[in-house]
Amino acid sequence: MTSMLPRTEVATLDVRTIRADFPVLSRKTASGKTVVYLDNAATSQKPRQVLDAMRTVYEEHNANIHRGVYEFSERTTAAFEGARERVARFINAPEPREVIFVRNATEGVNLVAYAWGRDNIKSGDRIVTSVLEHHSNFVPWQQLAAETGATIAVVGIDEDGRLDRDQLRAELRKGAKLLALTHTSNGLGTINPVREIVAEAKASGATVLVDAAQSVPHLPVDVADIGCDFLVFSGHKMLAPPGSGVVWGRASLLLKMRPFLYGGDMISRVAIDTTTWNELPWKFEAGTSAYVDAIGLGAAVDYLQGVGLEAIHRHELALTGYLLPKLLATDGVVVYGPKDLADRVGVVSFNIEGIHPHDVATIFDSEGVCVRAGHHCNQPLMNRLGTAATTRASFYLYNTFEECDALIAAIGTAKRVFKI
Amino acid sequence: MTSMLPRTEVATLDVRTIRADFPVLSRKTASGKTVVYLDNAATSQKPRQVLDAMRTVYEEHNANIHRGVYEFSERTTAAFEGARERVARFINAPEPREVIFVRNATEGVNLVAYAWGRDNIKSGDRIVTSVLEHHSNFVPWQQLAAETGATIAVVGIDEDGRLDRDQLRAELRKGAKLLALTHTSNGLGTINPVREIVAEAKASGATVLVDAAQSVPHLPVDVADIGCDFLVFSGHKMLAPPGSGVVWGRASLLLKMRPFLYGGDMISRVAIDTTTWNELPWKFEAGTSAYVDAIGLGAAVDYLQGVGLEAIHRHELALTGYLLPKLLATDGVVVYGPKDLADRVGVVSFNIEGIHPHDVATIFDSEGVCVRAGHHCNQPLMNRLGTAATTRASFYLYNTFEECDALIAAIGTAKRVFKI
Amino acid sequence: MDDMYRDYILDHYKNPRNFGELDGATHTYHDTNPLCGDEITMFLLVDDHDTVKDVRFTGRGCAISQASASILTEEVKGKSLEELRTIDREHVLQNLGITVSPARVKCALLSLKALKGSAWGLTEWPGEQSTGTGTA
Amino acid sequence: MDDMYRDYILDHYKNPRNFGELDGATHTYHDTNPLCGDEITMFLLVDDHDTVKDVRFTGRGCAISQASASILTEEVKGKSLEELRTIDREHVLQNLGITVSPARVKCALLSLKALKGSAWGLTEWPGEQSTGTGTA
């Protein structure tokens, strides 16, 4: 625990004021307890500002985008394309047209697998990924490999949950067409040093997709700095509504790719026998976009930038630095993932010996504490850890030290109920 | 104009009360005119009831669905799966698990094209569709045909915009693997008699997909009665948010199909080398669903059923029956599509000679009248009609006779501006 | 919580009855709860008169899934395959004797699913596609 | 509305200058506005000194796209290819002399896009992929 931050260092984040923006955080559960929401890696709560931005569209000028010549459509289109520009700036994308709105990170990975993968992965090619991957950044590649006759290599981790860089280098040396790697692990909280890794992978000739579903909400992420070719994330994990997600891709690659979904809005000209495609980004946005969700994502980006991603990360690390030693000091508790705060985000996976995570979560719930129990869409990782499931607490900007205390207290309750 | 309804017959629909549920309908445009929203075929407005249902999730119990063991997640899951059951009942689906939530009708068609089409359409197979199709129910099949070596036959229309049933029968006789047909045309308002057509197609051995994007919002639609195999529609055209859409499919087909998008939630078990899929419908819902949008769709279904689809259809026909003769009586106005109300829904396409639809829409906008101008994602149809674009007014339950008058008046303005 | 984690539930969890593999089983079925990775394998020894002579289960998972399996096996032994048909979801939930929250119902029913799967290959499991594998 | 549909706009629309195909054109480019189906084909006759000796356009579409094309052709004749580079979006919009609403900007700029496409194959059209086809 070398880089543990003292509790006082985070006074910069005015959590009380932030919490006032999130009505759901003051709700009580059926058991009469105020909710302690620690399932942010699954999805985040939404501030008034985001909900109001969406409601404003519906109540003031809702109309379908792009194709309307009238004022309401123009206003809604401007809000939608404005959200794209905000998102582009947020991740430092060279051009807004490289930002494609999709439903979620999962659709983003599939878009790349279908539209880039089917033309670029051939029999005998090698896809490299890791045991840390969420199913959404693993199964699409596994299936693409099965379909094309490519092989898939899964890089392992050390005891602390850190990626095996030597194995990764060895795999890259063998020649990889694609590296599909998560930025931060939703199961363990590990941060992969993607900048260094991407440099190595690009040097070896691989195309690189980074799954940033757990990093863009919590850390400053800069696609130009990372140097990857594709990056995907989900709005719902970063204060925006479910239904908003992004795949960022280098324009040079996106321009060469075939489309993914076909239909309205993504075409330039349709004739009975042949069709030409629209410009970027619309070539990849077939049909009516979830434009209000995307506008919500734009508002969420504003909110996050208002608070500051550095400050959010520091706050979550402070919470982690507060919780981890308490967990490690609790009898019968096993903690997974890096113990050094320098290598991690605010995702804490643990188990209580003798109590299945499902039972832990049920008992926690009776105390108002919301945590995730299960494999976290990380079955290969769970196999590697030798467990079927873990209990996972994950932080966001509105969480407090008192909520960490509530979690520790709930562990006591669970042990009492199970007579451990 | 044989079955024109007199204006008084629609007193059953209390439009004044309905309009009070839609805040946007009382907004003024920049030109100071109260908006006259006649672009419902592009997207509909949303009532308070739908917006409130969504806000309630965010403010009361938001959490990710399915995987959470705690109360908030259970409540959100129940609301989401409850929406699925409502939608299933709404279209009389035999089982809720046949209802798959997607972003929009476009994604629905693509889902079927990728997950059913790639395994069932082979070189030399024939796909039958029509010149009435929206690009979203044409381009996916055109591209699938190009990829597989199948051929695509496009059934034409008569002078009134009605499907050429003889040509369709001839095409089916030649043997078709798939019939992909729209229920009602977004360009002309034509209703295709899908029940009869589907019976003929099924008898000839074809699988049938019905594009119900323009019918489910406006008419009672019953998938069991229609007898098709797949049916797609979009929530945003039926009072629900963009981001909610549905593909309904027969369980027997869905069970045999490969998945479409791969990732979290759609799996049963993931190992490094092989993955098994979740049960229906989740096998087709990879990643975090746009669950709040889906819940909004459930609330929209409740609202529509509260008003009654028969009543809505009658109201829209009454408006059409009021507008059409006025349009036909206006000098220089060309009306496209069926003139007989029995064959149509409330979508009215027209042109003013000497003024391009874009200019028409711009001038209408200055009067507060929102209509669509363009090809309506119907380029093959526009070619058939011998025009690049039309002006289109399309009704919904909240439109009024006064709004029809405003449209007619705006035509006068356009002619004055263009000195015609 | 004491509503759910009663003493006898915890006892069945910590000391499951009929736990282990069954050599010479005539019917087996393995199933998992995809949400959490709970696993149950059911082993039946069915004689020529279609009577369940012996039953065992193996598995890992939460207290609810394992206790439910343990309780279910106690009930099954000596019954005919025909009689097994009458054991349905409601029956299992009632036999468990506790109120199970919606997210946990799948846990409580996993053993029933494995039982039905072993007895008839899951044709008796309405509205759900087979996700398990078995032999019979 | 009178702001947008001024007399000279309507005049250029109804009586477009330099309208028609250009036999012997050295450069042509065809482009469409995918939103509405407006079409413009630009024909240039460029001599050995890179000077535009003649220009024509054909097309169909709204008053804004056709008037903009007509006005643009008037300006181009006699200019060198190098001079054409200085004609940018702002210039065209300003030359049009009216305030164009956001949805109509594409209409107003379609002819410029076709011009740039004919002159240099659209390498001068920043941030947009070629959707047209041409020869030069």
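A, B, C and D label the chains in the order they appear, each numbered from 1.
Methods note: a contact is a pair of C-beta atoms (placed from the backbone, for glycine too) under 8 Å apart; a residue touches a chain by one contact, two chains touch by 3 or more.
Just so it is clear, the model here is predicted, and its values are computed rather than measured.
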item: Length of the shortest touching-chain route, chain A through to chain C; value: 1
item: Most widely separated chain from chain B, with each centre as the mean of CA atoms; value: C
item: Approximate Å spacing (C-alpha centroids) for the pair chain C, chain D; value: 75
item: Separation of mean Cα positions, chain C and chain B [Å, integer]; value: 45
item: Chain A-chain B separation of Cα centroids, rounded to whole Å; value: 32
item: For chain A, residues that touch 2 or more chains besides their own; value: 67-71, 73, 267, 269, 358, 362, 365, 373-374, 379
item: Residues of chain C engaged with two or more neighbouring chains; value: 35, 101, 104
item: For the chain B and chain D complex, residues of the former touching the latter; value: 355-359, 362-363, 365-366, 373-375, 379, 382, 388-389, 413, 417-419
item: Contacting residues of chain B [partner chain C, same complex]; value: 66-71, 73-74, 77-78, 95, 97, 255, 267-269, 276-280, 283
item: Touching residues (chain side chain D, partner chain B) in the complex; value: 1-2, 4-5, 10, 35-39, 60-64, 101, 104, 107
item: Touching residues (chain side chain C, partner chain B) in the complex; value: 32, 34-35, 101-104, 127-129, 131
item: Of all residues in chain B, those that touch chain A in their complex; value: 23-24, 27, 29-31, 35, 37, 39, 42-43, 45-46, 51, 55, 58-64, 67-73, 103-107, 109-110, 113-114, 134-140, 142-143, 152, 154, 234, 236, 241-243, 261-265, 267, 269-275, 286-293, 358, 361-362, 364-365, 369-374, 377, 379-380, 383
